[in-house]
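By written order: A, B, C, D, E and F. Residues from 1 in each chain.
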Amino acid sequence: MRVDGRKFDELRPIKVIRNFQKFAAGSVLIEFGETKVICSATIEDKVPAFLKNSKSGWVTSEYSLLPGSTSDRTARDSTQGKISGRSQEIQRMIGRALRAVVDLKALGEKTIWLDCDVIQADGGTRTAAVTGAWLALFDALLTLDRKNKKFPITDFLAAVSVGIVNEHVLLDLDYSEDSHASVDLNLVLTGQARIVEIQGTAELEPFDFSILQEILNMAQKGIFQLVRIQQDFAGEFFHNLLTVKGFNDSVPE
Amino acid sequence: MRVDGRKFDELRPIKVIRNFQKFAAGSVLIEFGETKVICSATIEDKVPAFLKNSKSGWVTSEYSLLPGSTSDRTARDSTQGKISGRSQEIQRMIGRALRAVVDLKALGEKTIWLDCDVIQADGGTRTAAVTGAWLALFDALLTLDRKNKKFPITDFLAAVSVGIVNEHVLLDLDYSEDSHASVDLNLVLTGQARIVEIQGTAELEPFDFSILQEILNMAQKGIFQLVRIQQDFAGEFFHNLLTVKGFNDSVPE
Amino acid sequence: MRVDGRKFDELRPIKVIRNFQKFAAGSVLIEFGETKVICSATIEDKVPAFLKNSKSGWVTSEYSLLPGSTSDRTARDSTQGKISGRSQEIQRMIGRALRAVVDLKALGEKTIWLDCDVIQADGGTRTAAVTGAWLALFDALLTLDRKNKKFPITDFLAAVSVGIVNEHVLLDLDYSEDSHASVDLNLVLTGQARIVEIQGTAELEPFDFSILQEILNMAQKGIFQLVRIQQDFAGEFFHNLLTVKGFNDSVPE
Amino acid sequence: MRVDGRKFDELRPIKVIRNFQKFAAGSVLIEFGETKVICSATIEDKVPAFLKNSKSGWVTSEYSLLPGSTSDRTARDSTQGKISGRSQEIQRMIGRALRAVVDLKALGEKTIWLDCDVIQADGGTRTAAVTGAWLALFDALLTLDRKNKKFPITDFLAAVSVGIVNEHVLLDLDYSEDSHASVDLNLVLTGQARIVEIQGTAELEPFDFSILQEILNMAQKGIFQLVRIQQDFAGEFFHNLLTVKGFNDSVPE
Amino acid sequence: MRVDGRKFDELRPIKVIRNFQKFAAGSVLIEFGETKVICSATIEDKVPAFLKNSKSGWVTSEYSLLPGSTSDRTARDSTQGKISGRSQEIQRMIGRALRAVVDLKALGEKTIWLDCDVIQADGGTRTAAVTGAWLALFDALLTLDRKNKKFPITDFLAAVSVGIVNEHVLLDLDYSEDSHASVDLNLVLTGQARIVEIQGTAELEPFDFSILQEILNMAQKGIFQLVRIQQDFAGEFFHNLLTVKGFNDSVPE
Amino acid sequence: MRVDGRKFDELRPIKVIRNFQKFAAGSVLIEFGETKVICSATIEDKVPAFLKNSKSGWVTSEYSLLPGSTSDRTARDSTQGKISGRSQEIQRMIGRALRAVVDLKALGEKTIWLDCDVIQADGGTRTAAVTGAWLALFDALLTLDRKNKKFPITDFLAAVSVGIVNEHVLLDLDYSEDSHASVDLNLVLTGQARIVEIQGTAELEPFDFSILQEILNMAQKGIFQLVRIQQDFAGEFFHNLLTVKGFNDSVPE
């Protein structure tokens, strides 16, 4: 049993507040337990220079911790005059991952900004951000005129972390677990259980391929539940377009 | 009557969610109608260089708009590599105003950071920020050990904007009003109706001293209600220490 | 009596050197006692992006202290890699104030840069800057071809500070006074005694509305003298166009 | 067969020039085919603030492309005034990976800087950088006085990329392959075939878990050869201390 | 004859206003014709890190153009977020040159800041800056307590430019000449006619060694007059300490 | 005799590796003894704003030290967020010097970037950079289509340093000599022995004009040998176009 009473393969309670920010095209507050992230999607009618006249759109992301999101105040990137390496790494990952499930040609020459601002940080902020960014993106794209046009999202997309703490493989680490983890792996999958991003790091202690297998199995269980939540969020109209399948046997239907 | 049905001298609905961020020493979400600001207070056990060995503490503030807080996405200061002039101006004002009601000697060699992050911007963000920052500060200071020590807050502190729109003097402008205002004045008062900061600007049309008088009278009405909310927030224990008085006759008890 | 022998409601000696910089369209050196500011106005044949094709011009300002202007050397903003919060706040105020007396449509799609560089800082640099910037602006606009065109300046504009030092209300504080002031208020008025900007701050000790009234009365006296100087500077040709009136009874004609 | 005649599971020719920079404590030029990276290690007798008095050392990395390393000139980070997101991401990974095979306590309060400067970029620069950084680090640590002290390196460390191009799984992509890859995965292993870092991305096309397995098998083959090269570089004296084992059956001994 | 009526080997009128800024330890306004530079010297009671505990002082310089100093407004370095390459080059030269005539050991662990701010730029700003910086430095050092101490200045120091315009060798170019010069050389000499800095550039047209000789001869004539002005400025008390001699025959006594 | 056995007027061994970077239009590794610099030239099909529609091209340079090029690691400019003053000064000189031997009209509206990255710094990096940049530029310009077009290079260009160490005039100082030099002069000459740039500095000890003469004579000897190397590099085809002549008598044919 874990500190908060969860089983090894149990997610924290997931909560989504839709339309969290009234003026953004799409906005949710997503909570993985005590981790809370505002994800907003805004649409800009232009594309970066390298896409001009390509008929293709773009999806990009920015990620930041609010100063009061952590016990020790996190200094603002703006005060430092530059974005921290950690924030850069995370926001590049979020943008890359979401682009894998957007048909950029169908989007047309628009840029979608996905802003993920962590208001409370208790571990797993990047996985909550990816999962929530999909929801904000979905709502933003609903605001576009869709007459005779293909909906630009091609699949669900969600992420979890799995770590090894005291030689146990644990799903969806909170901060107290994360800070003792010898291995930390983040997996991003589509609703078809296909891999979009895998990032695993063993700063303390390298690990064997057999452990990797266990980690990947457990991650699938968590992501299966998250894409189910996305399916409910999208609603019945999209049930034919966006499906969930292909997760491994250990995942309970 | 105003667009949203308010009377000229009526505040928008004020709402406060206490302990909004679990890990900050003090944190509220304050809402002035659709304007929503997260105010958090964190305590650092050191002071800026110019106060070293002075036995005096410091209160400082940082203010920022989340990108999704506005219809047109607001670019992050961190991406620009510097804080915008507007943000600088506002955060300097918030820090200055709060210092006027803190006994820095009683605080001792600590720095209180007041972070005001706007998650939805519908006009009056700086006045909501000042009013909410006082609440976050209050809660943060409650976490300090107070054995035989003076509580470092000396008074309430709240702010409202008053503007002139189509020659009407209006209290607590929302964004649609603010963008047509010929004059915009922000007033910060204590619970004793004493002036801490007055900032009035007439970019479109200079105004007469008689109008200034009207504006100041109306501002008092709004602030009176805000410091009453702060009084309730502080609770009975502080009723002797922190009082509300001195507001002008036009203010209803 | 004050340290330098002035009466409470007496300005420091005001001095203006016209055409201080030969290559700028307009340039003055303005002195409020030992405070000396170079104000220059240059004209650029384009406008910021948000005004393109609006047929409207723009007036903006930059403010800086020369390193040798203060006893302790002031570090350059350029060496810090960013503009100090104080400079930002002041230059935003100068630009905003001057725009209130310029008919931007009459100016046409041009930008006027008002650069205020303090070569000696003895208190009141921002009020000297506003007052001098008007003079530089006036001279710069004279260089424009005016055939059948409306002169774009609509009124005079000057500023003074008033402060409370040892419970006395004092006009036009010098640095030794300013550093002990419990309240510091800057007022910007037009030649019609109308308010363009009011900025008052009580970091040490909040103050009553009755004191505000005294401060405002005294400020009018100072500004009246400054706009008279501007009237002389503009010369007879402009006496019909730009007038001085509306100042309160306490102001001696 | 591939464009350059390699088999699917064949590395490009690997070349190492030892002591490439005379003044650095350790320095190699490492070549993976036409990809050429200068890796240097320098030792500083202090540690970052968070490690002061911890008796622990630190290993950190900086990565950059020389402007002339690519056909289209790569703008310098210094001219942009900030490090590009891509460089940040890569240098964080290099530092993290190397720390996994360094006993920071045995190192003592020193910082090792691993600078990886790409002089020719033909794909796989980050994997060449990790592999070369280990060599430079090894040589730098040899210069430390080792009387009765444990050698701080605990294992070999090498990296390769594997990608999917036209549905083939290819080892060690060059730039022409990388730019058409639908999946790109970088794997960092120790000499014991244990995982230190796994980073896989499918921007174009998500991929199945079965493909991941193929990729990981092929990556092992490449890394096996690289750690053999490191073993030769280290020399016989270290053969007991640093061994190579545990690679999968498909890897030829 | 030149545009302004000067002979080829004639300086522009040189003018110095002493104590130009009241609060700086030393300050002059120096004019070479229409080129006007404020040079101030301030003393700081510490030295850069590399001189700590060396018993040696330091002299450093910062140089900047005021925006209104040129017909086309010069953008501020602070707004760009960095110092322009040209300013950097000039300020490094000024600091280096002045250090050549200061006995840094005699100065002790102090830093002298020489700030050169150009208020009007008509060619030759760097030579006016060097010459004026010496004067400001001299006055600043007079403010130090000198009981039984060696005066830290060892020699005079002045600079002029010489250029080739339409195949004529001209002394002390103004802007109209400088912008057509095929060669531009700045020479910094001591009062003993010894070389401290020589910087010659032929962007348009390389030049022969024989021309260099002519240029150097003419430069000596100009510098001779400038160090005479410095000698008068220093006053009789320093006539034994600081002498002028060694200039070539073509220089009139 | 000097530390490394050289005569006073002897260059260090000069070595050039052509085509050092495969993807750059021109690239050499140039060595002056242990000083090693990668010089690359890349061609961009646009010009800076001030040359738009001028039919004229541009040549510019960037210079940097690799961190491992020095015994004490050199911090990256990018990590500092700005280019060091020394780098700025050097890269401006390199660009300026090369422009003196390029016919910018013949080049047409293109920009040539000359990147000089020092991989090993043992004194004289800027002179090696100038000499090597010419070689890289030459090779880059060979890649341009030259049908009926004038070759844009008009002359050779090389540089050496000469210094005074212990009162001896020494050619081509290495770092151990440079760090004790009382005078350091860099001279850039064309193949016609004409001066393009002269930069001499005497931070420690001003020097006489007679010494300058000795220095210039010795510098010619060194540059003569360098332009001979450039002549060989250019090859026979260019022997009529680019010649070497005019060096003084002391230079051995």
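Assume contacts are C-beta pairs under 8 Å (C-beta built on N, C-alpha and C of every residue); 3 or more make two chains touch, one makes a residue touch a chain.
Bear in mind that the values here come from a model prediction, so they are computed numbers and not experimental data.
The chains in contact with subunit A as well as with subunit F are D.
Hopping across touching chains, the smallest step count from subunit D to subunit E is 2. Rotating subunit C by 180 degrees superposes its CA atoms on those of subunit D, with the angle stated to the nearest 5. Among the other chains, E has the CA centre that is most remote from the centre of subunit A. Rounded to a whole number, the gap between the C-alpha centres of subunit E and subunit F is 28 angstrom.
Work out the mean CA point of subunit C and of subunit F, and you get 52 Å between them. Averaging Cα coordinates per chain places subunit B and subunit F 61 Å apart. Shared interface positions of subunit B, defined as residues touching 2 or more other chains, are 81-83.
Following neighbours round the ring, subunit B first and subunit C right after, the list reads B, C, E, F, D, A. Taken together, the subunit E residues at the contact with subunit F in this complex read 82-83, 85-86, 88-89, 91-92, 96, 99-101, 155, 185, 189-190, 192-209, 211-212, 216, 246, 248.
Those residues of subunit B whose C-beta lies close enough to touch subunit A in the complex are 20-24, 27, 34, 38, 40-42, 44, 62, 64, 66-73, 76-83, 113, 115, 117, 119-122.
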